[in-house]
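Sharing a structure here in structure tokens format.
Going by the order they are written in, the chains are A, B and C; count residues from 1 in each one.
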């Protein structure tokens, strides 16, 4: 059983102009210790998917359909902390079965998971920490919330340790966020996400804002931590070089749908979906021969009224008649799947044979 | 219009002395800034000082003199020498006895220092002051002033204790915060901006006052004052606007007292301009104005229609045998036709003898709604006479300087046609010199320096001669005869077109205190009243306060505990 | 740079600013037409001997600089001038009204600020809900109601109707205390003062509380859009924790500045409330001083107001530095 399984997730934003189908029928799964990369253009639904996992979608957004099954959900719900009188008044029956579907949990139950078992690192670390609290205290806060009975000194020890693990000197722990450089802030955020030994860490463009050298340092540290703690990670990025460094599996998203999913090596070596091909080819190689930059024609589609049929068809160099009419379904591949008519028919043909 | 019967306090027959006690609270519109009897500036200050200090003579509600600190007075035939005999049982509030030397000191101070702001004009006319004995003092004037002047203006000077004031280095800047006086009340507390608290002078040498404590509470907002009156926090309320008067009518505990002011609103026709200087024109205009209607509508029924002689109609010197100028439009039109002011071009406006249309500007103070309303009514009345009026409301200061009022800037002096304003009646109800002050061409108000209406007919000189003679006349009969003559002349020549005497209303409660004394021109809160007003029943303490606090406190604590329990 | 040097710097600036302010006051009053020397010459209330005495005391016939020094010297001795209208020293006149003003306006201010801020925070957190909409509507409506009208309504209900119908409690609406209450002991005096305080205080609280809520709500809505709020949520904090630990402390920064600036205004009193309730505060005092052209009183008041305003600002700045560490590093 996968640690985390997303089934047919649909998250829409209802705005005045219409309904933005930001995540439209997405299915993914994550095993323990797996690092899944989530790539795609801006606005393709990567962040929304992850926010849906964290259940941090705010109005006007809404998770319309789907399931997110988190295998270890039940394990944490027995630890019932003190509840306020009001909560006790409104609690459900004690024999209630805690479902694995995160979407069924109450907000209080979700708060136990967030920050503790499933954590998120946000992009743009400039303002991601509260400027009026010290960095160390903000990291300490995680322990205080989720493990309140921890001894003060012990907790602080853990904070120092995790800071050193990410490469921040312990003397900086009492600094304020504005006194740290961009890279250090990012590392502090990573520390914040890791301090409670989470099962899943979702990283949303964690290194995009950093320069290349710091980028590589942070990535290296991340990789080490992941190996050390056997973390499961979802790494969102549009930078394939980053994916190449850390991820095992990769899901390519386009216009709110997953168009291709599979092991990293496979996708890099033999990309099937035209979009994947274009992405990989668009990326210049440092070591390979010099090539002209190949751009992907067109611009990201309107998510309120997405193109009919396959959403990529207006930009697809291998577009066919059927692409305009039918939406492709997921076709099984060697170690994943692809959603493209090119391969859909082939499979049918093979079946028919 | 109802007037309360007046009576002197000493004629009130009581079966026994009234109860001593109670707290009488009255309102005052603004704070008094100083209690120095020589430098006070506003009526609020003189009101407070009047509680603390006494004078030799006090004027009652009919402005007749009553001996207070003195037992009596005499004067010689020519009215130049006056002798006052003082009482021997008067004590200052610090325990010292008041003696003749205090009187001497006070008068001497005022006589020798003309710069003192509050000083009767008669001190300039003094020739000498002499202490005759331990109880008698004589003052000698250069010429014999009227008894009304001496008693009203001179003998009402407050007497201050010599043993306190002779030590004061600078009386101009002395605030007199803890005054020592021999008056009916002793000042216990002055909370600036808030209230004055008096206690009765229990060593007072006259009967009364009967209230133990008097509090003068400053209340700035008349509506708040009305609420205070209706719940009994204060006992009376003055300067009441008509809408509150209506509300008071339905309250059985509140009585309404109407009084007149010594203030006459008049229409001034600028007689420096033709045809305002035609006496028959002025008469026609006055006949054409319905003055009682103005009083009813613009004045809300308060006050009286003013007599043509510009004198208050209930005084000792009033001559009722004068032309009354009843409202008569036909007569007015007739007079105008007789003057030859006809409407030659059929535009509904008459032309005067020179052929100019009878169009006038009527200046009025924009700050008083009553005046503006009156001006508009006059404008209406003039339509029936085919006279066209344009009402010009302006700021009081501008109006005042335009008509030539003293103290104004003279940029556009006398540059007006008609103006509607008012002025004091110069105490015409009891003072024989009133006509001199108002009409004599030798006195500043009637002189060419002021002379607001620009009166300059031959009658002006006749009246001047008469009233000047009255000033120095000692024979009372001749004084009356000459004043009667003068009033007839004035009513015939109409230097001013008097419209109405203003009036006001005071509300007072009747459930706790009784014995109020009121007059034609005074409300209930006057010196005579202070001597008479007393509780109806002996006072019980107010019980509710402690209980209320306890209830509040308990309620508060319960509320908090309940709230906290719910929150948990 | 730490907290201590920050405090020292701010205090120094405040002192310098105060000197600048009173110097400006001084020179304006002396250079403009209507300066004290002229006032003495033309004011009919001032007799010649007094004029001479004061000329001596304040050195008014000497050079401007010398006058300034004398002015400063007098100021340090607590002498703010002499009012001819009241015939008393200015410090005395203000001194007896100031405690009442501070009692009334100070309490109103504290209640308004504290409750207003909390209320604003709670409403901001429920943005878009019915509570929020109700709040916005109420705020607009209630801004339109004039203060004295509210005051009169309170007088009518709690001062008048309550007495007439003998409700269990009613409140007085005239003055700050009952005359003669001192004779009943200190406890009764305190109760009496509080009892008289209720109505004017309620009017002021009603007038001010929604303003602070509105302000705080606006700030908090802005703060809610910040990134660190999202981080906090991702850490698993519940709404209350996010609001008070993260949102509040950031949103309160402009409010602190506002509080500091308002403190100087406290001494100005509230003319409307003081008139309607005849509360002996400084608002009415200053209004009358302007009406009667009592320049010395105005000058003295201005010096006090300037001082209090700067004190308030200093307090705000210090508090700000304490709350927001970014400021300290500059």
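To be clear about the criterion, a residue touches a chain if its C-beta (ideal position, glycine included) is under 8 Å from a C-beta of that chain, and two chains touch if they have at least 3 such contacts.
Keep in mind it's a predicted model, so treat the numbers as computed, not measured.
Visitor: What chain lies closest to the overall centre, CA atoms only?
Guide: C
Visitor: Farthest from chain A in C-alpha centre terms, which chain would that be?
Guide: Centre of mass proxy via C-alpha means gives B as farthest from chain A.
Visitor: Please compute the C-alpha centroid of chain A, do the same for chain B, then give the distance between them in whole Å.
Guide: Computed value for the inter-centroid distance: 90 Å.
Visitor: How far is the middle of chain B from the middle of chain C, if each middle is the mean of its Cα atoms, in Å?
Guide: Measuring from centre to centre gives 41 Å for this pair.
Visitor: Between chain A and chain C, what is the gap in Å from one C-alpha centre to the other?
Guide: 53
Visitor: Inside the complex, what are the residues of chain C that reach chain A?
Guide: 128, 226-228, 230-238, 241, 245-246, 249-250, 323-326, 329
Visitor: Contact residues on chain B for chain C in the complex?
Guide: Residues 23, 33-34, 36, 39, 41, 115, 170, 172-175, 188-189, 191-195, 197, 213, 215, 217-221, 223-224, 227-228, 230-233, 545, 548-549, 551-552 of chain B touch chain C in their complex.
Visitor: Quick one: in the complex, what on chain C touches chain B?
Guide: That would be residues 45, 47-50, 53, 85-88, 93, 96-97, 148, 152, 155-156, 159-160, 163-164, 168-169, 172-177, 179-180, 191, 195, 275-278, 280-281, 284-285 of chain C.
Visitor: Can you check the complex and tell me which residues of chain A touch chain C?
Guide: That would be residues 54, 56, 59, 107-108, 111-116, 119-120, 122, 124, 126-133, 141-142, 145-146, 176, 178-179, 189, 192 of chain A.
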